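What follows is a group of structures, each given as structure tokens.
Presented sequentially are two complexes of chain A, the first with chain B as partner and the second with chain C.
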Partner chain A sequence: MSGKYQKVAYYPGCALEGTGHAYDRSTKELGKALGLEIAELENWNCCGAMEVKNIDPKLQTYLSARNLSIAENMGFDTVMAPCNGCYHNLKKAEYDLAKDAASREVTDRLSRKAGHKTYEAGTVTTIHALDWIKEAIGEDGLKARVKNSLKGLKIANYYGCMYTRPRHIFPEKDRGPGSESTSKPHFMDDLLAAAGAECVEYPLKTACCGGAHTLSDCDTSTKLVLNLLTTAEACGADVIATECPTCHTGLEMHQVRAEKIFGKKTSVKILYFTQLLGMALGLSARRVGVRENLSDPSNLLRERGLG
Partner chain B sequence: MANELAVRFDDAAARIDWMIEAPDQALIAAAPGLAAELLAIGEQIFERWLLAHGTTPTAESVEGFRILALHRQGARGDPSFNACRESCRELVYHHNLIRLDPTHSDVARRLRLGAMVARHLALFIGGKLEVAGLGEFCCSSRPLRQREAPLQAADPV
Partner chain C sequence: MPIHEKSLIRPENLITHEHLELDGVDVSGHWSTFIRSRAVTDYNEQMQEEIAALPGGEFIHRCWQCGSCTNACTVNAINPDYNPRYWIYLIRMGLEEELLRDKDIIWQCVSCNKCTYACPRDVNPEGVMKATTHWLELKGHTEKKPSMVFDETFSEQVFATGKIEDGRVLRQFFARTNQSLLQDWLVALVRGLVSRMPVGLLMKLGLATVFRPRTRGWAAASAAIAEYVDERKVADRRALGLDV
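After this line comes the complex of A and B, so read on.
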């Protein structure tokens, strides 16, 4: 436990107020159980998601910068974003504002028009929920607090694509021992192992889930997800742990769709890492929002004495 | 030329499916050859992509493996290729693991996992060929932005 990140600004983003509300709930409950404080950004806005970024990338930079500006105004130097998309976009905005004069110019112009201070790169650090728990509590801190070990639970950790890509917007990663790896991320593995889980070798932990193409090319997304699910099962996993609401929802939805459309049934369960850690700390399944997930892991959790 | 070099995705998929479904004994008996075949399938998937885009696939290698050079070649000007960067490395890793110890008790499982990685690669690249823009909206979404702000020279692909 480093003492860092005991109180951070919290940027839930749109997904955590919609399909990812179980992630929002479990992140908050986990923080509370660990004695960590979060303060939600006041009047936050969309980070620019995928849509704005692809149509007008500088507008996306501004939208993310406004959130960073809010964190600064609230007196924070760190904002925690559990959604991979939000995390990625805030990091990208930070990078663009530091490196690209045109992005700074657009952000300044729009900030003045909107009547708030222009965010300056280097003022607020964006972290993921994984960084938050890893730094603020650490593996030893977690081990000491575990009441309901995840022992016997085999987990494949799925990080998705936006947590580590593109590498240059994550300057704190790949810094050697103790830092996160962009080619083989391990923070979620470390935390869940500390809670007693057996994390299996999962060769597709950063592979594409086709998440953004769920509407435009649903079959490709389903096939990609089906391969993620069957590979996890081949690795011996009971559960796929997720740390992104888009990946999580995609895995759950396409698990159902793969059975309906392709007749391929898989039984691996999908849970947010915050739900798993919460239950390891003794929180009930209900409290960490397991009933709000699309798939129902209650049989497995009962078998393992969790929740 | 294109037809000679290009692998049909259905053939690759069928071969991958066979490796995933094959009994342990069949995999164990031919482990080193199958590991090499998996790597070759990965290379052929990239060759097909590059040929379809009017580019001659490189014969170079990166860190001793052509598939890594082909991935790098495909990623030039198409940052969404980052989404399969680690899949290529995982394929190389499984290939090495099997070749290093082809009599290991876990070799059949290792081959199946390698085949599943190859399947992901085939689905992703095959999907990109069928659906323009697959993967470009998410992880490494920079195509439009690149046009506005050239990538820093030091930025890794």
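After this line comes the complex of A and C, so read on.
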């Protein structure tokens, strides 16, 4: 244990209050079980997501910057965001505010009109829930705490798009041994392997689930998701581990849609990595919110003596 | 400047003659139209500048046509007609008529950012796809595409309350695009969920539709954002030479 990130600010974001509720619950339960403290940002707002970025990227920068300034006001230098979209946007805001004068100008103008301090780049570092567990506890720390090993569970780790792309907004990645890779991320693999799981070689770990058009271009999303699901099965996975509420919900939704519309049935289960780690630490399936997932993995979990 | 030629070997230029005799020779069959002029004369010289003026399009001028974007593209892998490299070429050359042939698929970019990751010139092709989609809509070449309706539905909620409630975004989007909420797959999904979900959470989600999640004291931010959005709208229309 490095002693790093023992207490961080927590930015759940809108999805974790809605469809990604299970991710919020399991993240909090995991933190509690590991003795890590999190403090939710007070009165946060939407990070801007992809939708506001599509209307105007500078507006998304402002929305994310407001959240960063809340973390600063609360006395934190690190904010942890489990949602890939939120994580990506806070990182992007950090980058744009440091490099782009026009983004700074808009954020400053809007912040002043909204009546709060303008966020200064470089004050708060944004980390993902994966960084949080990896740094604060690490593989050895996890191994020592595992009560219910994931032994025999074959997992395909799915990271999605926003965790690694575009690379310039993640200056801490691709820094050699120990750091995360943007072309072949491994933090989730490392953590789940430490919990006893067998992580399969999954070539689509950073492929796209079509989350941007999950409702507006359903057929494209279903095709992309079906590809992810069938490839995971071909790689021998029982479970796809996720680390993003949009990917997770997209996988679940389009798994059903692929069956109903295209007649293609797949049986691989979809669980948040926080749910898997939580169960490995001895938490029940209910505690980590498995019943709140859209798809039902209870048969598999029972079979493997988990939860 | 080189002479740009249109490809004439296209389905709509192929003519079939069941019985055609020319000077006593039977020439029935499929014919491509060789007679039409192939040389392009109607360049839209403003197109690159206009798209560069819209958010995301700023760096289109950097492109040197290596094709890394199309090679990396998620959508290209399922639809070979989806070709960011080619569209950037057309925009830069001002070949509007050719670009318009693909006007109804450009919005399908899934923003996976593989292109932006691969681009050696920092063109931000993902942004260019968004800017081009906006351009096509503003110029009246296309109607509002579903993704734009979704972005607007979502953003309106954020601007008004500081947050979104995803159930409400879904319902509004389906209503605005005239789709029924009673689609087979959606019904199956909700049924499965409700049968397993803890009652407490169901109540919480139900309450969220009545007491919508919102950021406290958001009015000032909301007003500032609305003002900025209006300002940008005017600027965008002006950059495209449209009435404001």
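Keep this in mind: the second predicted complex is superposed on the first by the 307 of 307 C-alpha atoms of A that agree within 3 Å, B and C clash if a C-alpha of one lies under 4 Å from a C-alpha of the other, contacts with A are read in each partner's own complex, and residues count from 1 in each chain.
Keep in mind that, in the parts below, a contact is a pair of C-beta atoms (placed from the backbone, for glycine too) under 8 Å apart; a residue touches a chain by one contact, two chains touch by 3 or more.
Because the structure is predicted, anything quoted here is derived from the model rather than measured.
Upon superposition of the two complexes on chain A, a steric clash is found between chain B and chain C.
By the touch criterion defined above, A:Trp44 reaches chain C but does not reach chain B. By the touch criterion defined above, A:His128 reaches neither chain B nor chain C. Legend: residue contacts after superposition of the two complexes on their common chain; A:Asp100 is shown touching chain B, with no touch to chain C.
Of the two partners, chain B and chain C, it is C that touches more residues of chain A. Of the two partner chains placed by the overlay, only chain B lies in contact with A:Lys184; chain C stays clear of it.
By the document's definition of touching, of the two partners only chain C reaches A:Ala15; chain B does not.
When both complexes are overlaid on chain A, the residue A:Val52 reaches chain C alone and has no touch with chain B. In the superposition on chain A, contact of A:Pro203 is made with chain B only, not with chain C. Looking at the shared chain after the overlay, A:Thr231 reaches chain B, while chain C stays out of its contact range.
Within the superposed three-chain model, A:Lys113 lies in touch with chain C and out of touch with chain B [touch as defined at top]. Listed for chain C are the stretches 4-12, 40-48 or 76-84, of which 76-84 clashes with chain B, judged after superposition on chain A. Within chain A, the residues touched by chain B in the first complex and by chain C in the second are 50, 54-55, 57-58, 161-162, 165-167, 207-208, 210-213, 216-217, 220, 223-224. Interface of chain C with chain A (complex): residues 55-56, 74-75, 78, 108-114, 116-117, 127, 130, 145-152, 154-155, 158, 162-167, 170, 173-174, 177, 184-185, 188-189, 192-193, 196-198, 201, 204-205, 208, 213, 215-218, 220-221, 223-225, 227-229, 232.
Of all residues in chain B, only 20, 79, 82-87, 89-90, 93-94, 109, 112-114, 116-117, 119-120, 123-124, 127, 130-131, 134-145, 148-149, 152, 154-156 touch chain A in the complex they form. Those residues of chain A whose C-beta lies close enough to touch chain B in the complex are 50, 53-55, 57-58, 85, 88, 96, 99-100, 102-103, 160-162, 165-168, 183-184, 203-208, 210-213, 216-217, 220, 223-224, 227-228, 230-231, 234-235. Chain contact summary for the complex, chain A toward chain C: residues 14-15, 17-19, 21, 43-46, 48-52, 54-59, 62-63, 66, 106, 109-110, 113-115, 161-162, 164-167, 182, 207-208, 210-213, 215-217, 220, 223-224, 252-253, 256-257, 259-261, 286, 291-292, 294-296.
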